[in-house]
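Multiple structures are listed underneath, in structure tokens.
Same chain, two partners: chain A is paired with chain B first, then with chain C.
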Partner chain A sequence: MQVYNFYLFSRHGTCLYYREWQRTRPGSDTQQEQQNLIGLLFAVKQLCRSLAPANDDSLPIDTATRYMPRGPSNFCSYSTEKYQLHCFESSTGLRFVLTTSPTASDLTRILQRVYREAYVECAIRNPLYTLGTSIVSESFRKRLDSVIRTLAVESTVFRPASEKALRGNGSPATKS
Partner chain B sequence: MFEPSGERASTSQSGRSSSATSVKTQDTLPSAGFNVAALAKIGEQAFQRGELVSAELVALTYGALVRQLFLDYQAPEDVNEELERIGYNIGLRLVDDFLARSAAPPCRSFQATAEIVARVAFRMYLGVSARPANFAADNTAYSILFDTNPLAEFVEVPDAVANTLWYSNIFCGVIRGALEMVQFSVRASFTRDMLRGDECNEIRVCLLRELEETVPLDKET
Partner chain C sequence: MPIYTVFIINRSGGLIYSAQFQGSQVHPLNECLRLASTLHSVQQISRQVSPVDILDDIGLTSLEAKTFRLRLYQPLTGIQFVAIATPEVTDEILLGILRRLHLLYADYALKNPFYVQDMPIRCKLFDIHFMKLMKPYIANPVE
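For the complex of A and B:
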């Protein structure tokens, strides 16, 4: 499995951090790409919610009767022939996005680790960091890299065989 | 291609063993009826996992802070306000630390925040047990009650300000900041304090409004 790039979006949709590893085709306009991506994620979230059944038992009674449930969406990934995009949204609205080759399994756990071990440790706990600004910390990059490196090791060991059945065919397929 | 029904979507997910899935199953309990013992356990485990700091050190440092604020501001009302503001800034950051480390189930409603804040967050950060109570009929307010206040150890409030100063007002700010980050704008205030001779500490949390997620606007248009 190859890991292409990583984005971290704030709750207001600005890109706080961007890093690429094995990106073979560089984007022409990074800013535009980030804007398009966050637009896509917002749209997918809205769509997933509006398609969800209203009487969802997993929701508390008072919100279940409402049209849109609150909180982060459980949308976790879509895949195409060429790549797979993984997303984890925290309750505070941060979005951790990772793109990989389409042979990856569920990476929510890895993105939660990025949240816990990189973002909380190096941004939230850094008194010099102002919330909502882009992250320039070198230690953030190191921690992010070390989490992604464990992924490279794990993925060869723990890849479920049934994952192949869920592939989309060219067009984005959502599993939410 | 979207999964047409919620049921199928959930079965396709249940095969994976991710922590997100297990969090989701905890949320299947009705909101007010979170499994209380389980929440307390989550809080306790997070408390154990975290770095522990001597409670006396915290109490003494906090006492020094309040005293210094008194010297700077004189009026107890201003001190209350400043403590609340400090707490608010702590809360804005603390909530991410909390969500990342506690593995608490997500708050889907305002009542759910009562359970999570009282049973998990108080346990995790202060090592004390708190309980939600006095829910308003329309679910827009609740109280958090706790009997032990680690900040108020060794504290004697001078008589002159005993009825105006809320010594631990920083908690109110933390709660306001943290809940604002999860889209609930609230007002939190102490209503009872054991330093004033009340039988327990009570923080009243009132919902002002639920914030809506802001959709990023295209800068070109």
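For the complex of A and C:
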């Protein structure tokens, strides 16, 4: 599986962090692209809310929030023929977005780990970081990379024989 | 494994056929039109934000949420067939249904001399065969 890029959007839709790995198509205008993507995510969230089945307990019932989606989202991922986009939205409105090749399974857990191990540790707990500004911390980048690296290992190695090697690689970098 | 909703969207994003079955939220027709055009534009933008080559990519084809799964089938003519079902239904089953729906569309809408292309489908035979196709996948039709 290939991992293309990662975005972190704030509650107001500004991009706090962007990183790319195996991206093949160079973006012409990064800022424009990020704006397109956050617009897309807003639309998809609203769409998912309207298309959800009637007995969906995970969503608020009030219709006032229907056009301007706030609160929990039930969107997980979408895929095209060429790539797949995974999104995890925290309760505080942060959006963690990861694009991969389309064979990937549900990666919400990985994005939750990015939140737990990278964002909370290196942004929230950093006394010099002010909320809502872009993240420049080097340790954030390292932790993000280590989480994504475990993902690449997990997906390429599927045989139980190599489980030991996998555990040996992953743990020292990710445990804090 | 019920199917909740089926949409057919024309090339310019207009809704030309919709069916809502038991279990889905019931939307008025205007709301359905809005949803269909939103879906169409989402598909276009998803192509633009692609990190890889977009040469023969048509954009969003399937979408997974916690409580449902959406599958979109777009043949070369640009018309879009959309089905929304419970997450247990696999992509292959939905794609099979949508391909058969495309056949029905060709047989009973396009071959109908009174049907104008890209306009809402109001063909009796199409309705009959559509219900026949959907019958194994729905509990009780709402309308």
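The working rule: the second predicted complex is superposed on the first by the 138 of 176 C-alpha atoms of A that agree within 3 Å, B and C clash if a C-alpha of one lies under 4 Å from a C-alpha of the other, contacts with A are read in each partner's own complex, and residues count from 1 in each chain.
Here, a residue touches a chain if its C-beta (ideal position, glycine included) is under 8 Å from a C-beta of that chain, and two chains touch if they have at least 3 such contacts.
Small disclaimer: the values here were computed from a predicted structure and weren't measured.
Once the two complexes are laid over each other on the shared chain, residue contacts for A:A52 go to chain B and to chain C alike. Of the two partner chains placed by superposition, chain B and chain C are both touched by A:G39.
Judged by the touch definition given at the top, the superposed model places A:T99 against chain C, while chain B stays out of reach. Of the two partner chains placed by superposition, chain B and chain C are both touched by A:N74. More chain A residues lie in contact with B than with the other chain of the pair chain B and chain C. Using the contact criterion defined above for the overlaid structures, shared-chain residue A:L131 touches chain B, although it does not reach chain C. Of the two partner chains placed around the shared chain by superposition, chain C is the only one that A:K82 touches, whereas chain B remains out of contact. Shared contact residues on chain A (touching chain B in one structure, chain C in the other): 39, 47-48, 51-53, 56, 58, 74, 76, 106. Per the touch definition, chain B reaches chain A in the complex via residues 1-3, 5-6, 9, 12-13, 15-16, 18-20, 24, 27-28, 30-32, 92-93, 95-97, 99-101, 106-109, 111-112, 139, 181-183, 210, 213-216, 218-219.
Across the complex, chain A is touched by residues 4-5, 23-27, 31, 35, 38-39, 41-42, 45-54, 56-68, 70, 84, 86 of chain C. Partner chain B is touched in their complex by these residues of chain A: 11-14, 35, 38-39, 42, 47-48, 51-53, 56-63, 69-72, 74, 76, 88, 90-94, 105-106, 108-109, 112, 115-116, 119-120, 124-125, 131, 160, 162, 166, 168, 171, 173-176. Interface residues of chain A facing chain C in the complex, by the touch rule stated above, are 4-5, 20, 23-25, 27, 33, 36-37, 39-40, 43-44, 46-48, 50-56, 58, 74-83, 85, 99, 106.
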